[in-house]
Each structure stands twice: as structure tokens, then as C-alpha cells.
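For clarity, chains are labelled A, B, C and D in written order, and residue numbers in each chain start from 1.
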Amino acid sequence: MDGDGQNYSVFNSRMLVDTVGDITDDALKASRIKDVIGVLVGRVFNWSQRKSLFPLHLGIKCCALEMAAAGASRFDAERFGVFFRSSPRQCDVLLVNGPISKKFADPIVRLWEQMPEPKWCIAMGECAISGGPYFQSYNILEGVDTVIPVDVYIPGCPPRPEALIDGFDKLRQKIIRIGAAPDDGAPESKNPIIVGDD
Amino acid sequence: MMATSDWLDLRGWIEGLVGWSMDNVHDALPSDDIDGTVTISLPTGIWPEDIILGRVFNLQDGFGQIQPALEGFFAATMICTVVFTTMMLTMLPIPYIERKFIGRLMDRLGATTTLRSLWIGESGVTAGKWWDQLPFGMGAPVGWLNKTLNSIWGNDHELEAVSRVNNRGYHGYWFLLPGFFQAFADFTKFAGKEHIVPKEADRTVYEVAPVIIISTTVLVFAFVPFGPHFYAASPELSVVFMMAIFGVAPLGVFFAGWASNNKYTLIGGMRSAAQLTAYEIPLLITVLGVCVISGSFNVIEIVDFQAQESNVWNLFMLPLGAALFLITMIAEVERIPFDMPEAEAELVEGWWTEYGGMRWGLMFAAEYQRCYAACILFALFFLGGWEAPFQGTMESIPIAGGGLELLFSLIPGIVWVLIKAWLLFAVFVWIRASLHRVRTDQILEFGWQWLLPLSIVNLAIAMFLRVWVWDGSWGIVAPAVMILSGIVGLVILVADEDKEALESMTRPYSTYAVTKAYPGRHPQTSLEDLQRQYTAYTAVKAATSVSLSETEAGS
Amino acid sequence: MGKIVSASSQKAAAESMASALSSMDGVSAEVSERTSGTNPRNVVSVDCASDNWRQLAECLRVEHGVDYCSMITGIHWPEGGAEKNWEVVYHFMRMGISNPPVVDGMVQPIITDPTTLEGTDVPLEIEVRIALPETTDPKVASVQDIWVGADWNEKETWDLVGIDFEGHVGMRRVLQPHETPVGFHPLQKQHKLRYHDFEEMYDDAQGFLRKPSDAGKIK
Amino acid sequence: MTHGLWTLKIKVDGETVVDTEPDLGYIHRGVEKICEARDFTQITTYCDRLCYASANTWSHSYIYAVEDLLEVEVPERAEYIRLIAVELQRIASHLMWLGAYGPDIGNLSVMVWCLREREMMMDLLQELGGSRMHYNFPRVGGVKRDLPHGFAQRARAKVSLFLNRIQEYEALFDESTIFLIRTQGVGYSKAEEMVNHGVTGPNLRAGGVNYDVRTSHPYSVYSELDWEVPVERPSVKGADCYDRYRIRVEEMRVSAMMVLEALEKIPRGADTYHEPGDPALIAKAPSRAPEGASGSHHFEDSRGESMFYLAGGGEARGKNPYRVSIRSPMFITIPYASKCMVGYKVADIPAIMGSFDPCIGETDR
């Protein structure tokens, strides 16, 4: 329908929706049902999203090997529920680990759009953050955040696997902040999280 | 055949409960004296005249007829609820075993070290010294044993890197079985994910396929007994029911692969269809052998046959059948080495590439449920079900037999079934961690050329045992014919194969023989043509040089 | 001691090949002594005219058994003058490799002792330089059908430098996107790098802080 | 799996591959253009990042080309340290290949095993270079720093442990019938055809010839060590995936033995420590190349023959080279490998493609 909600019927349905919504909101706030629901349901969903983050198994460049090492014996990222899947439909985190060339910009945007909500993006390494050593190149975008919104930046060329695991921890903090549990000690700042500068 | 005695008499309890409650309902029913019309008189002014209700039906007379139906209905509802809940709860260790056991296997030097390290760890590093958490220092001897074994056989290494690599210790409390609740987290997350249907997909079939898979997989457990009196339903032909329902899920797999409108999913669905067709038939014939030797199509009677009549597990009477059943079941549940339909290397995720969110969660659960069903069926068919290992033998020991009999009578049968099933799943995981993936044509060749004749041979062996060991009334003709036919079929299939075709199949041809692909597509000048061009060029060069020399001489 | 090719036999083979190649017209070859690390190596460095390149290539392949094309490099010399405005540098190697023989059904791998190699068996590396005059569409003959290994090298040279190869079948963009505008070859010198100038770098939207010490610097 | 980012367009007939066409350039970064704006010492970092699986071999390949351009004589101890670094990197690269080749044919545990051993090699290289993957270790005329204290003991212990671990991989691969039927008889390639297509390195040695740049065009102190080029006996129809797997395992053994021997034969012993900048480690090198000079060097990368061609800049261009051209072995090998898989099943594509050990970082530059 019309995007502005202009409704020339006798009764404006949007107005009704807003009014009723406010009233029910007040009612829910008055009775503490909303808190109960938030505590019961929101906490559970938030916990589950925190505890099972499936990154997309996409290896672009050097950081891909550190990603593989993070999944291997010494740094066992699967302990923390980080479990690599190959299909974007089944993933929560797009782990961009390398420079984004002009040829790869469209495919990675398509991958990002194939992932179902809720989804997050981690820019791993200098190339994904700002182009890194290739920021002068004629074929490289200056960071993946020119095409995809990025949640967590992990600097390093390449970052160590510990840094990757720490980045997933930072992402968990952000999910707590987003999530329905208001008093889980979420940090206040809304800036994207950068590993290592806290 | 007398069923095994088990104090966990679930059906008996529930039927007694239902009967008791029904009798109470019967007693609480109104008696005849209110039979008649009921008149409600209202105050005047509200309604003109009184309200007269019709004749109240005499419940007590009708209840006599519907009571058995009601009892059956309530009893079935309660037993199905209990069995389904039990199945769901006892399936949770399956992904836990998968994660932990595969982790240990992949992290270890070898399989034996792995199995030992599951409990005592290596190089002084265990899965978090769980014995130190035990109260009153009860775990001290375990710690001492661990230290001793590590000092003797452990791969204790002077390199801290190796020791660190060997360490897969966990964080958290030991009594929470770290990683055990990962499955809860995953599936709650799947429930919260967005549901995407590809634009070009066939929406109806796309939505129906996961329902087919999960529903048929759950329905298998309607006929799976966890104990002698712990089952939802036990018809006479429960094995046939189970196998029939078990074979429906591949249809859903093919639906999912086709409806996603994706080349990878389509190839995966095709492979799945071909592979499952090739492995259903040996599976059914193998199960038929089990039914023949047990003389029944009922799972409970098969287990009772092993427990009481023959007093020998089918594993020891039909080792070939057990091996065939294991192989075909691994192929049925599409695990390595038979996981061509979902080969991550060439097909992105196989037939479920396009599925995400809760639909994929359902399929993921269905995979593990199929594995679980396969393990329980193996335990029931070949491992004596709810019978303790060598129970009859140990109970016949002169002195200690009585005590053992008392001990075994105290342990409910479901405990043995679950222990056997979980250990068998550990074997599945072990196979997955140590084998590679087989190609499609090799899978089909193996299934059609080896498993089918071998299953026929297994059936013949089962008939032979049945005829000659239990009731000798049959003549030798039928089993002899069966054995000969199986052997002849095997000889024909194996010996009379086309060696050239096999050679061309396993070694197709060198890259010389095929049409040149990129970049060799352009016409490549052969060495002879180069020779010809070059000789012409040298001849011209020689002529010009000669002429030059002549002109110099002339001038 | 490790078995390596002796420098003396390599030098002799290189000189023989250089003398043989110098007899062709438009070709001048000499042996250049080079040191890599601690070992000396002898390279046959050839200067060839672009018209004689095809004959030289066939001569190398047929007479001297050069069976391996290592690399093709295209260079753009804007200040190189009128006669050497573009340059194509070929690197070949003579491996002397043949299929291992099959003896009664078993392949016998060829295990040669490099210290005993003599004459035409000695592995050599050949460097061929072709200077092209100042032009807008530089061309040399393609050797795609002689050494298939030169195929993608020529594709890459055209893609990045813009030097075309006559007779090359299936020329296309290999490294740059297929929708790259025609005529854009980034390794030509008139194309500058992004932010090659600090001013541009600081004036862009990325919001770098400007340091006064960098004023007027050119990267 | 971890073979990088590229597209292989395949035309299939059922499950049989009819035609293939590789499509590269997804991570083309224009290194050759960027290097024209860097001086000789800055380019080393870019050469490290050319191939993410074997960084040291590429930086050393570039450094040898620069020394050919600037005519620098390298101290012998530096050559030994370079050899140790390069061979350790070769082992790590082959381990990465083996770990990536396991999942290609369906075995995930070998990947975890190989990455576990790769961690040990990366610890050793980290002691040398200071970083975990990109070491920036060699310098023009020498190396960055000497072997640290106790490096020899740790290297001997880990390399000898690794030599024992190789037997476990063979137990997991060679004794598995499924692995044999998956890799034997697929992806044939003949020696002459490979040479004509420009394929070198282990893929060529799997075809039954012992051609190796380290012996044919000797560049380092390989002549001082006692070693043999490993050769594989291929099948009658040519080298298949199994031969390419065997030759890499043998190369890992040879490299490990070379590291152990170099630790013995290194001048002044492996335990003496020189401060960075010591003349025993690095020689004085000019920072500007003469006008019009050119330097090139063939190097035995872990994937084949890598090569750098440098055109010197001269005074006008400052300290920058005028043109840096990179010869990537995989850039030439990938078309041939995709040609090899025509006629086989779809399931053989990862088996054949992975057996050639592609590395897209060096392919796209």
C-alpha cells in the first residue's frame, strides 16, 4: 500500500494501531508481564544466539588459514559454539577474511543477503577493514564496510586465532546489548567493537 | 513365548492407572434418578416462560459400551507421550557423543590412544581433572591411576607445544557435561532464525519436504521398544512397519533436493535417491534373515528369542548379517564414508544447501534421529536388546549366579538398550573419523555387486540355522537351494564381470584422449609442423646469404 | 654433497647456444654471468627484433630443445624513447624432460645426475628481450601454440600491460573483471595509484588527519 | 575447501565432466602496480603476502632477484639460515596442503592432525621471523636476525617428532582402501605435457622426472647438503592424484632431513648468536638500482618454480623498481589442472584440483 500511511478511509487504521499499541504497551508496562516475557523468552533466545554462532566457511586470503587454525586442535573454537558451515542459509556470522576486489564485491553482497536474520558480520584483518596494504590498489575496495555493515573489527595482518576467538567474545557482548535482557551488564557505547582497545 | 520380566512395567502401570480412573469416572457418574426433563424457572419479567431442557442422556447405560474404547484411547495417549519424551531425552547424548568423541579422535595420535584418553587424558592433561571435583577426595585414586598410566603409556612430551595441542580441556562446571547443552542452544537459535524460501523454488514441496522427513523419522520410534514393557505399539509385523517407514524419508530428501531449484541440491538429491535405492534392498533382506532366525516379525519377540529361547545374541549367530546391517544402515543415514549426497567438497552442503532456519534444524534433528534409530535397531536385532551381556551364562554360574540374577533383575531393560545404542553410535563416529568418502559409482557398485548377494547368503544361513538348530522338521532342500543360489549369484557377479569395463570405469582415460578443454582448445601446432616451417625458413635464409655473398664477390 | 649442475658445463652450453642464436638475423645473443646468493649462473640473454621473433621461437623449440616457457613480462617505457617504448621480456628454460619409459608394464622414472649433464642436456635459462617502437597498439607474435604454458602468460600480459599478441586464440581478461572498460591496462605508466598524492589522500572522504609535515609530498 | 577463492565453470553430462573453464581474479590486488611505488625493502612484505600458505619461499624468491639486480654477495651463514627458514616453510605449506586435501575426499581428522603439526613449524618460524604467518624475514643481503638461543634444540626435537608423525598420515591414507580407490586412476598427467603447459615442482616430479630448480639452477647452499630430489614412479598412463600425494609426503621428509643437516653444517655452529646487522648475517647493499639494469631469479617454491623479474629504476625513479613481474606457478598450473579433470566424475573434481595444490593468493597477485 502507500508507504506514508495516508489512509483516506473514514477511520485511519494506522492511527488505531498506534493508539492501541500505546495503550497495550502502557498496560504491559503497568503489569510486569513484559519483564516476565523478556526474562523468560528473550533471555533464552539471546543465550542461544550467543552460544551458537555459525560462521560461513569462506576463505578469501591469509586470514583464512588463521580461521582454519582457530578451528583446529590448538585453538579449538568449537568449544565456544563456533561451528563452520558451508551454506550461507545456515550461518549467522559472515567472517570476511581478506581483501574485497571489485570482482568479488557483488558475490559477497549476495552471500550476505542469502543469510537469514539475525546475522552479523566480522571484518577480520586489515584488508577487510580498510584495504590494508592494498589500499592504494586499483582493484581493491577500501574495506568490506563499504558494501556490508560490519559489527566487529579484528585488526592484525593476519590476526592470531586467539584474536579471532576474542572477536567472537566481543560479538557475544554485542548480542547481549542487542538482546532482550536489559540488565546483563551491556556496555553503553554504540560504536562498533574493535578487539584489543578495551 | 514368555516375555522377559522387567520391573519397569510401564504398560501395566498405565493400563492399571487408566482402568482405575475409568472406574472412578464410572462411580462418579450420575445415577438414574435424574433421568427426565429439567425445568429452570426464571423470575418473571426477564423471560416470558420457563426454560425446559430435554431428556438428559443416561450416561451410565452408554458408558458400558464406550469404556474400553476410552480406556484404550487414554492409555495410548499416555504411553505415546511417555515414549516420545523418553526418545527425545535419550537422543540428546547423540550430538554430544558426536562432538566430543570426534574431537578426541581428531586430536589424537591414534585410535587406541584416543579411546584411552577419553577417560584418563594424555600428557597429564585430561578433560579437566574431573576427579578433583568429587567430594571427600573420592577421586584421588582415579587421579593417581591417571598419573601412573600417563607416566607409563601416555604420550607425555617434553615439548609444551605438543602438550598444549593435546589439551582440549573445557570451561565450566564438570557436572554440567560441558557442551551437552550446545544442542539446546543450536535448536533454540534455529527457531529464532528468519525463514527464507528461494524465489524460484517450488514453495509447496519446499515446505513439505522437512515435514515428511521429520515425521516419518519420529514415526519409526512408535514401534521401537525401549524395554519389554516400554513401547508405544507392538503389532505383529512391527519390523515391516519400521522398515517401510524408514524408507519414506529418502522421498523427502529427493523432494528437498528438487524443490530448492539449485544444481547442488539437485545433484545431492539424485545421489541420495540412487544410493538409498541401492542400499534399501540389502537392508531389507538382512533384516529378513534376522526375522527368519527368530521366527517372528515382532521386535519384542526377536529380542525375547535372543534372551530366552536361543540364549545367544544374533550377533554371534549372524556375524555376516550384523556387518551387512551396520554398513547398510550407515549408508541409509548418509554418514561418512557414504555421505555423497552432502559432500561438502564439491556440493556446497548437499541436498539441504538451500534450507535455513528451523526447516534445516528439523532436518538436522532428523539426521541424528535416524542414526539413533539405526543404533537402537542394531541393539535390538543383534545385541540382545534389554538383555545384559551374557546374562543367561552368568546366571548359570553355580555360586554367584543368584546374586547376579538379583542384580540384573534390579536394572531396568532400558538401561541396557540405551548403553548399547550409544556405544554403537560411538562406533559410527569412529568410522566417520577414520574413513574417507566414497565416490558415487563406487558406492553403487559396492551395493549392487557385493551387499546384495551377501545378504542373500546371510538369509540362507539364517534359514539353515533356523531349520537345523531349532526345528528340524524341515528338509534340507530349501536351505540348500538358498545357499547354492546365493553362492552362484555371488560367483556370477564377481567372477563374470567385464574387466575392460571395470578398467575403463576406475581409470577413465588420460587427459590426452579427451577433447581439449580450456586453455588447450586452440589449435596446437605439432612439433613436425614446426620442423617443416623452420626448415623452410632456414632454406630461405641460406639462399639470401648466398646471393649476398655473390654480389659482394661481383663488386 | 648435493648433486647440482656444474657451472662450467652450464657456461659451455650457454656459450654454444648464444653463438648459434647470434647467427640468425635480427638476433644478438650473449652469455651474462649472474650470481644469485653464492652460486654463479649463466643466462643466455637474447635481444631480438619483433619481426624475427616467431622464427627465433621456432628455432629455440626445434633446434635447441627449449621446452618450457617460464614467464612473459611486458614493460611500458614512456620515457624509453621512440625505438624502445614498449618491451616484452620472455624467460625460457631448457629442461630436457621426456616421458619416463615403460619397461614391462612398469614406469621407470628418469633419475638424472645433474653433475654429469653435458652438451644439450644441461638445463639453461634463456632471456629474450623484444623492444617495440612507440605505438598505441603494441603487437608481437604469439607463441601460444609452441608453448602452451605461454598461453595464460600472454593473456595476463595483455590484460595488465596492454601488449597484444598476434595469433593468440581466446584472448580475454584473466585477472581483472570481465566488465573492465576496453583499453584500461593498469600497468601502463599513465595510470597512477590511488592516493599516490598525499593531498588527494588527505582530502578524501575517509577523514585522515592531515600532518603539516606531509604537505606537498609525492609518494 | 581451503584452496582459495576462484570459480571453475564446469559443463557436466550427468555426473561426468565434459568441459571446464577456470575463472580467476577474485582477489587480484595489483601487487605489481603497488610495488612500483615502494622501494626494495618495502616490497618484501608484499611478497610475504603473495602466498598465504608459504610466505617465506616467496619473500626469499624476491630477495634473490633483488640481490641479482643489486649484485650483492650474501654471507654463508645467512644462506644457511635462509635455507632453514625456507625448508621449514615448505614443510608447513605441504602440511597445509595435506590438511586441505583430507576434507576434499571426506576425511576431516587428517586436517586437524596436519594443522596440529603445522603449529609446531609455525612456532619455529615465529621464533625466527617474529610473526605468525608473514615473517618479513629475509633482508637484501642477508637475514633479519640470527637463530635465537636454543633454537637448534627445539628445531631438532620438533622436526624429529614430525618425522614420526608422517608415518601416522601414511597409516591414515596409504592403508585406507577408500583413499586408494579415490585417488588412484584419476587426474592423469604426463611429464612432457606438464612441461609444455608450464607445470613444475612436485606436480612435475610426480610424473617420474627429478627436475628441481634447486639442483638444475642452483642458488643457495643446497650444494653443501647431502640430499636427493624425490621422484615418484607414476602409473603407466601418467601421474595421478596418488602420485602427487606421495611426492609431497616424500618432500616433507627430505625437507625435514635438510633442516636437521643444515643445523649441523651451519658455519660457526647453530648456537652462537650474532646481533642483528652483524656482517656475518647481512651484507651492505646499495639502495638504488643502476639505470636499465634487470634482475631475475628462478626459485623452487613449494608449488613449483616461482620467479621474479625486476627492472631497475635508476636515479630518476628513486629507490623504487621500475617494473616488478611475478611468475606464479599456480597461475599456469590451474588451467592445466582444470583440463586434467575432463572426463571424470563430479566427485573427482576436488580430488584432482586439490592434488595440484592451488594457492589463489599467488595466482591472482
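For the reader, a short list of remarks on this structure follows.
By our rule, contacts are C-beta pairs under 8 Å (C-beta built on N, C-alpha and C of every residue); 3 or more make two chains touch, one makes a residue touch a chain.
For clarity, every value in this text was computed on a predicted model and none was experimentally measured.
Comparing the CA-atom centres of all chains against that of chain B, the greatest distance is found for C. Contact count check for A-D and A-C (C-beta pairs in contact): higher for A-D.
One finds 35 Å separating the Cα centroids of chain A and chain B. Distance between chain A and chain C, defined via averaged C-alpha coordinates, is recorded as 47 Å. With centres defined as mean CA coordinates, chain C is found 58 Å away from chain B.
For chain C, residues that reach two or more other chains under the stated contact definition are 148, 151-152, 176-177, 186, 191, 193, 196.
Within chain D, the positions touching two or more other chains are listed as 1, 25, 28, 30, 33-34, 37, 112-113, 116, 119, 190, 335. Contact of a single residue of chain A with at least two other chains is seen at positions 73-74, 101, 103, 136-139.
On the chain C side of its complex with chain D, the touching residues are 1-5, 34-39, 41, 43, 67-71, 73, 75, 79, 89, 91, 93, 95, 97-100, 102, 105-112, 114, 123, 125, 127, 147-153, 156, 160, 173-177, 186-187, 191, 193, 196, 219.
Looking at the complex, you find that chain C touches chain A at residues 176-177, 186, 191, 193-196, 206. Per the touch definition, chain A reaches chain D in the complex via residues 57-62, 64-66, 68-69, 72-74, 98-99, 101, 103-104, 107, 133-134, 136-140, 157-158, 160.
Chain B makes touch with chain A in their complex at residues 99, 103, 106-107, 164-165, 168, 170-171, 179, 182, 184-189, 191-196, 344, 348-349, 352-357, 360.
Residues of chain A that touch chain C in their complex: 101-103, 135-139, 142.
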